[in-house]
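Next, two complexes with chain A in common: one pairs it with chain B, the other with chain C.
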Partner chain A sequence: MQRYLVAPRDWIASLGDIAKFAARDFGEVFGLRVFRFFGEALRQAGVLILGSTMVIWSLAFILGLQCGIEGAYFNRSVGAPAYAGVFSAWCDLREIMPYAFGYMMSAKVGTGLVAEIGAMRITDEIDALEVMGISSMTFLCATRLLASFMVLPFMYLAAVGAGFFASYLAVVQQIGEVSSGGFFLIFWMFQNPPDLLYSLIKGMAMATVIVIVGTYYGYTAGGGPVGVGTATAKSMVLNTVMVHLVGMLGTQIFWGANPRAPIGG
Partner chain B sequence: MSADERRDDQATPPSGYSVPEESDQPDTEQEDAPNPWDLQKQEAETEPGERTTAVTFEPEREGEEEDDEFKWHTGKATRDESAESDAVEFIDVKKAFGRNTVLNGLNLGIPEGQISMILGPSGTGKSVCIKHMVGLLYPDEGDVLVHGESVPNMRDDDLFEMRKKFGVLFQDGALFGSMNLYDNVAFPLRQHTDKGEDEVNEIVSRRLKEVGLGGAGEKMPNELSGGMRKRAGFARALVLDPEIVLFDEPDSGLDPVRTALLCELIKEIHEENGGAYVVITHDIMSARRVAEYIAILWKGRIVESGPASELFNSDNQFVRQFLSGEARGPLGME
Partner chain C sequence: MVRAIADRAFLPSKNLLEQVGDMMILTGKTVMSALRPPYPYGGEFVNQFLFALRLCWFPLVISMVAVDYGAPGLQAGNFLVLFGAIDRLGGFFVLATIREFAPAVTAIIVAGVAGTAITADLGARKIREELDALQVLGVDPVKNLVVPRFLALMILTGLFDMFAIIAGLSGGVITSLKFHAPLGEFFATLLTNASTTDLWGSVVKCTMFGAIVAIVCCYKGMTASGGAEGVGRAVNQAVVIATTGVFAFNYVFTQTLLATHPEISVIK
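Moving on to the complex of A and B:
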């Protein structure tokens, strides 16, 4: 019996460690100590913009096209082609964009953080920072968290915009069973500014979790290159789980009790 | 308690551990009970021509296993009259990782103003010592003092401030892979001083030139050889004019000529800048070249420490074996 409890006990211990790490990381950011290294935070923001923006926007655009096409054909099949905008409004904003953002952040940014910081750990670069009198936690982890807070909201909103634009192209220009005005009438009827805010909160919650998990596994990596590889894989698994957990909780909290749509009077 | 008193305290065994009264110089003073290694040697000498098997372990004597384990650890610590006070002191430091005890009641003083070497077989806790000095590891028991201040009891802010006294050369240089050589060396100056870029440039160029990397500032760490990375790490360690410089196996992975050149460089820069330099190594040639003070670490304790000239003429068989690199002696493969 004992041996069956080993794995769950390790998971709980890891989650506790991650929670403590996250609290420390937030403390460094909201305690404003991270601003001692604002230059590094800006550099990390630049790395995020240059390294991840186009990938995330491209993915958002492609998924927006798919949402538009599926929505247009489904609505035509039930005799309501004018309502294709519902799909674009809901599918893009509420679910697909947060998940796409979460997946891409996990795959590109999260694993990148583990690999980069983990490599620094095993080559003594983190110890070198510490013995220079620089808090490695602040310099490496808090700056990256701050950079993600500075960059990702805008990147996310632009990704939503890319998805909306792609859906418009698919529904109005490609399939063409609804006019531009008809599409936008329904499209805007089924969403309002709070929905965009909720969607942003979902996306940013996922991004924050991913950055925390990535920096945690990188910062605590050990055991040479193999250890860094293992840490990268573990972070990817945990991030994938967390993306779905945050997505489910977000939907339940923001739209679970009230669909926030003109349905049923 | 002064540093000397603390060193004297080494003779006082920690609780649960006893040292025979006559065990100060086990190889020279225990006439009534000659050590087994001497016996082996005598046997080998008195039966010439006969095939003998070198046995490096000692026969177990009931109730004396722990005494035997530390029988070569005289704890003798002598100093030059010219030696200043201690820059770093270890006081009864114990450190274990899981069941593996690495430091086992370590008492050691690193003299100010000298190049000290901590020598010892692989896996005896030399690098762990360095990490204790800069507060990267904390002792399970005992204390580590830097200029009289207890490292384990420092608050984080004080610890980061204290670390500015140190320059550390890690085994592979530990250069930041995302920066070129120039930025690596300039990094501590930019973080800790208000110097303008012109002044930073002047200091960095001087330090790079000192270590023979004057024209390599634009290179990335992955474009450098192992020796160049070490020299670059050395330049970075020196850039804030630290009071204490630590070298973690500076000779590892280097050919003999480059090791000799690096040793010369360490000596030259120490002559120029002064301060306490601590070199961790198991390379005896490096010790002969640069060491002014030597401490030999084994099984988590100091076997003997003192001025290099004294240690190289020590009567302690372990010290003699280690410093001459002999295969036969108290130190075996275990």
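Moving on to the complex of A and C:
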């Protein structure tokens, strides 16, 4: 019996550690102590923009194409090819774009953070920072969280745009059973600004979790070069599960009781 | 000046194309040395298979139930409730779960859980020069390390697809119960609309995803360099390339399947 309890107990313990770490991290950011290192936060924002934008947008584009063809074929099969816009609008905005963003954030940004900060931990650079009198938590973790808050909403909105464009290409240009005017009439009819806001909240919740998990595993890495690799792998496990759970909770909270569709009275 | 700009634009893409080419070569080598005798990789294959199975099953089940309760369940369910046609939810789950989400989520989980572990493992061996030592001893790293991982991940991902479908359908069952719809109708429309083509398409797709993930992760692990940061960076690049590759392949495969088998998208 004891043997089977070891793994769950470890998970709960590390979840508690991550929660404590997250609380400290948020305290640094919202306690405005991070603004002492605002320059570093801006630099991290630049790194995020130059390093990750294209990859995230390209995954959003590919999944937008996927939504488009599935929508076109599904609506053809129910005998309403002109309504492919309904499927694309809901699939892109509400579900697939947050997931695409979460997948690529955890793959590119989350593991990148672990590799970077973990290497600093292994080579004792973090201890060196502390010796110099700089709070490593503020300088390394809080600046990255602030940078992601500054950059990611815009990156997310542009990723949604990339997905919409890809769906348009797939439905109108590739399959070609609906005119572009007919597609966009239905497409915009079935979504409104609050939907975009909810979708953004979903994406940002995923991004916050991913940055926290990434910095936590990097900050607590140990055990030589192998330890960094193992920590990177572990952060990816937690991130993939958390992305799906946040996605489900977001759908349940924002659209669970109210479909927000212009149908019926 | 022009030279600098051209270098900045073209060198990364040249680098990427070279890597893709190297991965193709590694795929060819792996398949060849898997088929050509002798076959020393049996024990390692079983080890890797069980290792990946132990790591992946729990994240897979949780993720699949969560995704299918949220995306196709709640969204499509809400839409169908508006038309009073919640009994058609099962038919939609053929498209959503069997054709799309089960293979995609399985690939993400396998890449994120087993793939990263493989890259970290091989990368650590590369950094500690164990791979070079193996070659000096006359042991072929491709045959003894890559082939068992490739086969294990490929077969495991294909088999996991079944479990992902079952977990996803249980997400659909939870949704049906949430809308107070009888389960008989869910399963009736599900089984009427499901076809053998859908199922083999899903399994073949998922197996190919496993192959892509295995090759990318093994390649990145075996070419890791640069000390402590190198292994972490290898894992990072491996998941990015594996995710993008999997979804790019998904688009091509789904489009081909839908276009060549029009009967699977007929609603019955």
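Keep in mind that, in the parts below, the second predicted complex is superposed on the first by the 262 of 265 C-alpha atoms of A that agree within 3 Å, B and C clash if a C-alpha of one lies under 4 Å from a C-alpha of the other, contacts with A are read in each partner's own complex, and residues count from 1 in each chain.
In this section, a residue touches a chain if its C-beta (ideal position, glycine included) is under 8 Å from a C-beta of that chain, and two chains touch if they have at least 3 such contacts.
This one's a predicted model, so the numbers in the text were calculated from it and none came from an experiment.
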Chain B and chain C placed together on chain A: clash or fit? fit
_Per the contact definition in the header, classify A:Phe183: touching chain B only (first), chain C only (second), both, or neither._
neither
**Prompt:** Does chain B (first) or chain C (second) touch A:Tyr219, or do both, or does neither?
**Reply:** neither
Please indicate which partner A:Tyr156 is in contact with in the superposed arrangement: first for chain B, second for chain C, both, or neither. neither
Rounded to the nearest 10, the angle in degrees at the CA centre of chain A toward chain B and chain C equals 100
Query raised in the report: Of the two partner chains, chain B (first) and chain C (second), which one does A:Tyr83 touch, if any: first, second, both, or neither?
Result: neither
In this superposition, the partner of chain A with more touched residues, chain B or chain C, is C
**Prompt:** If you stack the two complexes on chain A, which partner ends up touching A:Leu59: first (chain B), second (chain C), both, or neither?
**Reply:** second
Look at A:Ala115 in the shared chain and tell me whether it touches chain B only, chain C only, both, or neither; answer first, second, both or neither.
second
| said: Quick check for you: in the superposed arrangement, does A:Ala128 touch first (chain B), second (chain C), both or neither? | reply: first
Once both structures are superposed, the least CA distance from chain B to chain C in Å comes to 9
Overlap of chain B and chain C contacts on chain A, residues 119, 123
Within their complex, chain A touches chain C through residues 55, 58-59, 62-63, 65-66, 69-70, 73-74, 76-78, 86, 90, 94-96, 99, 103-104, 106-108, 111-112, 114-116, 118-119, 122-123, 224-226, 228-233, 236-237, 239-241, 244-245, 247-248, 250-252, 255-256, 258-259, 261, 263-264
Seen from chain A, its contact residues with chain B in the complex are 119-120, 123-125, 127-128, 130-135
Residue set of chain C touching chain A in the complex reads 55, 59, 62-63, 66-67, 69-71, 74-75, 78-79, 81-83, 95, 99-100, 105, 108-109, 112-113, 116-117, 119-121, 123-124, 127-128, 227-236, 239-240, 242-244, 247-248, 250-251, 254-255, 258, 265-267
In the complex, the residues of chain B that touch chain A are 131, 134, 136, 156, 160-164, 166, 168, 170-172, 174-177, 187-188, 191-192
